[in-house]
Amino acid sequence: AGTVMAQSISDIDGKGKITIGVLTGIPPYDTVDSSGNTDGFLVDLARDVAQNLKVQLELVPVNNASRAAALESGRVDMLIAHMTATPERAKLFLMTNPYGAYDMRFVAKKSMALTKIDDLANKRVSVPKGSTQDVAVSNLGVEGLEVVRFDDDALAMQALISGQVDATAAVATVADDVIRKRNLADLEVKTEVPLFTLYWSMAVRKDATQLHQWLNNFIYYEEVSGRLGALHEKWVGVPIPGGKLPTF
Amino acid sequence: MAYQMHFGPVLDRAPEFVDGTINTILLSGQGIVIGLAIGLAVAIIRVEGPRWLDQIAVAYIEIIRNTPLLVQVFLFFFGLPYIGLRLSADTSAIIAISFNLGAYSAEIFRAGFLAIPKSQIEAGLALGLTRLQTIRYVVIVPALKVVFPALTGQLTLTLLGSSVVCAISANELTLAASKVESLTFRSLETFLVAGAIYVTLTFVFRFTYWLISLWLFHRKDPARFQIAGALPHGQERVEA
Amino acid sequence: MIQSFGFSSLPILLHGALWTLILSASTFVAAGIFSLIFALLRVLGPRPVRLLIAGYIELVQATPLLILLFLAYYGLSFLGYYFPPLAAAVISLTLYATAFLADIWRGCIEAIPKQQWEAADALAMSTPQKLRYVILPQAFRISLGPTVGFLVQIVKNTSVTALISFVELTRAGQLLNNMTFQPFEVFLTVAAMYFIICYPLSYYSEYLQGGKRARSST
Amino acid sequence: MPAVQLNNIKKCYGALCVLDGINLSVEPRDVVAVIGQSGSGKSTMLRCINGLEQIQGGSIDIVGHRIEPGTHSLRSLRKEVGMVFQSYNLFPHLNVAENIMLAPRVVKNVPKQEAWETAQMVLKQVGLADKVGAYPDELSGGQQQRVAIARSLAMKPKVMLFDEVTSALDPQLTGEVLKTIAELAAAGMTMILVTHEMGFARQVANRTVFMYKGQIWEEGRSEDLFAAPKTPELRSFIAPNLK
Amino acid sequence: MPAVQLNNIKKCYGALCVLDGINLSVEPRDVVAVIGQSGSGKSTMLRCINGLEQIQGGSIDIVGHRIEPGTHSLRSLRKEVGMVFQSYNLFPHLNVAENIMLAPRVVKNVPKQEAWETAQMVLKQVGLADKVGAYPDELSGGQQQRVAIARSLAMKPKVMLFDEVTSALDPQLTGEVLKTIAELAAAGMTMILVTHEMGFARQVANRTVFMYKGQIWEEGRSEDLFAAPKTPELRSFIAPNLK
């Protein structure tokens, strides 16, 4: 073991390898084969990063709760982990320009009226622990809303399906997929109350400015070359929501 | 070391830790009380009960002891709704912990019962006590004394094991720690603090068990007993 | 993509179960080596070493595996040591298992009567010879039952490595659940698989301990 | 009416019948000594009388209760029949007073105050009034055995059964316990006592029963039986004790 | 030159000195019996002689080795001094042959064949040649003790120490073991034996040492000592044994 923290492109070149943490276990963005290996949108992106840097790729699966620690500790060189660039996170990591997005929506029973945020008063809403939904829903400021946290998106959704919560904050595409395939006729994605559209950034450590700049460039090129859209279509079946990706 | 520790932001979240700690105490406390009750009942069934009931008890014990608590927690929380039983995360957690401890403590209690000579039980019966009264007054305390170290060891495992129920969002210390971690991104510091709290809790619980053992097994001072007991017979003492 | 739980899902779980076995076996071997050393030092070592080991055992036994795993996995990274998940998982589990196994084995060594040591002493045997030929063979017999019993705990405890996304049986179950949204079926199958792995071990452990009791009573 | 009447009782373990048609009648205030070789069934008979063992045939009438094969609820019977064992069987976690008060309190619901007074009384009876707060392991074997007798007495039994209560004791301690039993006999308690102390049987028991291979082989007034044993088995059994 | 020489040795546990200035000289082929009350320090003295206990003062010269306070490496000494304990201490996981061959093989690197022959020889010496393959728990106490003696003999010791080797045995088994020891004495082995068997001490030991409160109170030729004890302590100690 024991490699130095790679901070610059030449560090990575020197190692001949880049270690990327990717979020796993969120169909349809990814899937697991019978040997437990993940493949999916984020994995393909990570492959492209390594390929363009002309180094080998080491993938490290992470979850919402562990991804920050993985990056901070040097366990990984960068994260492609559905991370949204909040100002708070930006204080700790360098966040790249977004490489994708999803529409975050509330999912709930058809019978539950949800046309405005205040309808969530005194309701239990499940979110993945430490995720952007967690932060967003926790900060809604609705009276009596209880946030119930789970290890990942699937368990949060599962809590709704088994009736343990009244609603969940989920990715619209994922939720649609689940509702259709599992025949959950009594559930629906509540479109009247858009939670938000979340854009995902890659993250590197604070002092890895060179890598950060390179990744911005990489994302720009992947988008304009149509590669990014193609990958999203391949895994999710629809284009990236929200049209042209923002930059900052 | 490249990494600089910053406990400040983590310690600012002290209320969350306090909450989590209280919840962990409540959760494992309830789990322990219910679990021990289950364990005692199952042990009595195993020693005294009819054969068919004994076999059910054995099946229960073996299933629990040979599957991980985490999986049991999942089954109680996500599985039971499918047979129409919807329990909150906290309730599911308490039930899962109780059933888990029940299986382990049943075997411990049983070992204690078997360590009590049969002649003690016969002495109880010969005095006209029922079997249950015999167990209650003659068997339990000496049996408990035999197995007390094993039992408290198991209770410590239960306290620490309660950390896995954060997987179903039951409110307890590890969940609180995850929350703090996601808010502060100071993972190492957060889990160091949580670890320290668990270690402290463990020692506090052990101290409590020690106090309980004093109360249960410590002999009353014979001299004091005589005075207290003889109190209504003041005249007798004067006479003597 | 969302799928249904069925026979096609079994390979994922079986693969996870295989990793659970590999993880358990590696942990057992590593913890076994350390535990033997620790148990011996705990009995025979100089006082500071004995205290140090006792402290380690107390501390680790008072910390949840989950927290320990997290601290070991990321803590080591913070110190600049990066291990692949399997190695990291084995290291953390070993840290944990050693604290219990060393304690079990110490008890077994201490269960050998002092007179056995003295008899070996009087025969001019050196300390390693006493251990090798007189004490450890006897301690080994006593320890067999509890050790196999603890193996069951190791197998079950590997489930927490799901937290660091190590795909063993429990994590495989979680991933499968994410794909199928059929938790009851998935986790019941997972539980059954653990049972199939653990029950024979439990049974054997009980047999070993029961067998011993039967022998000593005759 | 006899206090205890055994009518042709049988007790078998599988094919082996360790009690094979026992008839015995014990009048109130009788003291019956039961003697016989090891394995002849003495303990088993006693255990059948207060229902610790199920019988397979015959019946037992005892202070107004009847035990037959299959009889189960024996608690009301046991309230009136005391039993003292060879191995004392005091409860180690309770002190002397608690040992004695337990059964009256939980079985008979005697108020605490009354149970306490009874305890003191029976302890005085066995000569251990000063040990009321001691724990069993702080007492000698003989003292423990006398506490066990006191514990039985506290239930105010109509009949008492003693199973070789002195065989675990050395000669000096044996003396203490036998003295206690002799006093009980003098006070008119109905008793059946299995014993290996021939001298004691002869002096204290008005009747003696000799068991042999699961049967009552010979019985009669103690003086007669010891002075003129009729069967060769009894003769050879008591021979070494007489010289 | 004496085989064993104790020069004013002291052995203390904290303030309590259980050996308080012991002087003793044992010539080759001497058989020395050590007698004395329980707690007088007999075992402790033996244990000091082969270094199982550290001494706090004085020195011990034994078959060319010297033990002083703080002496640590005693292995070469122990190769030449055998010790047999009250509780046999056979290794339960090894059979008789393995018990006997273990120390010669691992301590002295004796080849297997030779160790095997020695084992058979010493077993014959203690009269157990037929038990070579048995495990300790298959042997009677007396047989186990004789195997323990054989195990010591297999190291070909120059001096043997025996600590109440018969006190856990009943009289018949005691006889077997004492016979073995007497044969060893006759063959010229230098021995120190702590014993409660006065008759045996008198017959087999040429010298007897009486210990009292951590000191050698009286010593001399066995006949003289038993026939005419000088101190009142020895007189009252051996009195009950002589009648």
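Some notes on this structure:
As written, the chain order gives the labels A, B, C, D and E, with residue 1 at the start of each chain.
Simple rule for what comes next: a residue touches a chain if its C-beta (ideal position, glycine included) is under 8 Å from a C-beta of that chain, and two chains touch if they have at least 3 such contacts.
Just so it is clear, the model here is predicted, and its values are computed rather than measured.
Think of each touching pair as a link: the shortest run of links from chain C to chain D has 2 of them.
By the document's definition of touch, common neighbours of chain A and chain D comprise B.
Counting hops only between chains that touch, chain B reaches chain D in a minimum of 1. Chain pairs A-B and B-C differ in how many C-beta pairs are in contact, and the one with more is B-C. Of all chains, the one whose CA centroid is most distant from that of chain C is D. The chain with its C-alpha centre at the largest distance from the centre of chain E is A.
Rotation angle relating chain D to chain E: 175°, from a CA superposition, given to the nearest 5.
Distance from the chain A centre to the chain C centre is 35 Å, each centre being the mean of its Cα atoms. If you average the Cα atoms of chain C and of chain E, the two centres end up 46 Å apart. Separating the centre of chain D from that of chain E, both taken as means of CA atoms, is a distance of 51 Å.
Each of residues 5, 65-66, 69, 72-74, 151, 155, 158, 162 in chain A touches at least two other chains. Shared interface positions of chain D, i.e. residues touching 2 or more other chains, are not present.
Contacts with at least two other chains are made by residues 2-3, 78, 82, 187-188 of chain B. By the document's touch criterion, interfaces exist between A-B, A-C, B-C, B-D, C-E.
Residues 59, 61-68, 70-71, 74-75, 78-80, 152, 156-157, 159-160, 162, 170, 173, 183-184, 187-188, 190-191, 194-195, 198-199, 202 of chain C are the ones touching chain B in the complex.
Considering their complex, residues 50, 52, 75-76, 78-79, 82-83, 85, 87, 89-93, 95, 97, 102-103, 106-108, 113, 116, 120, 132-135, 138, 151-152, 155 of chain D touch chain B.
Contacts from chain B toward chain D in the complex involve residues 119-120, 122-130, 133, 137-138, 141-142, 145, 217, 219-226, 229, 232-233.
Within the complex, the chain C residues that touch chain A are 1-3, 11-12, 15-16, 19, 70, 73-75, 77-78, 80-83, 85, 87, 163-165, 167, 171-172, 174-179, 181, 183.
In the complex of the two chains, the chain C residues touching chain E come out as 115-116, 118-126, 129, 133-134, 137-138, 141.
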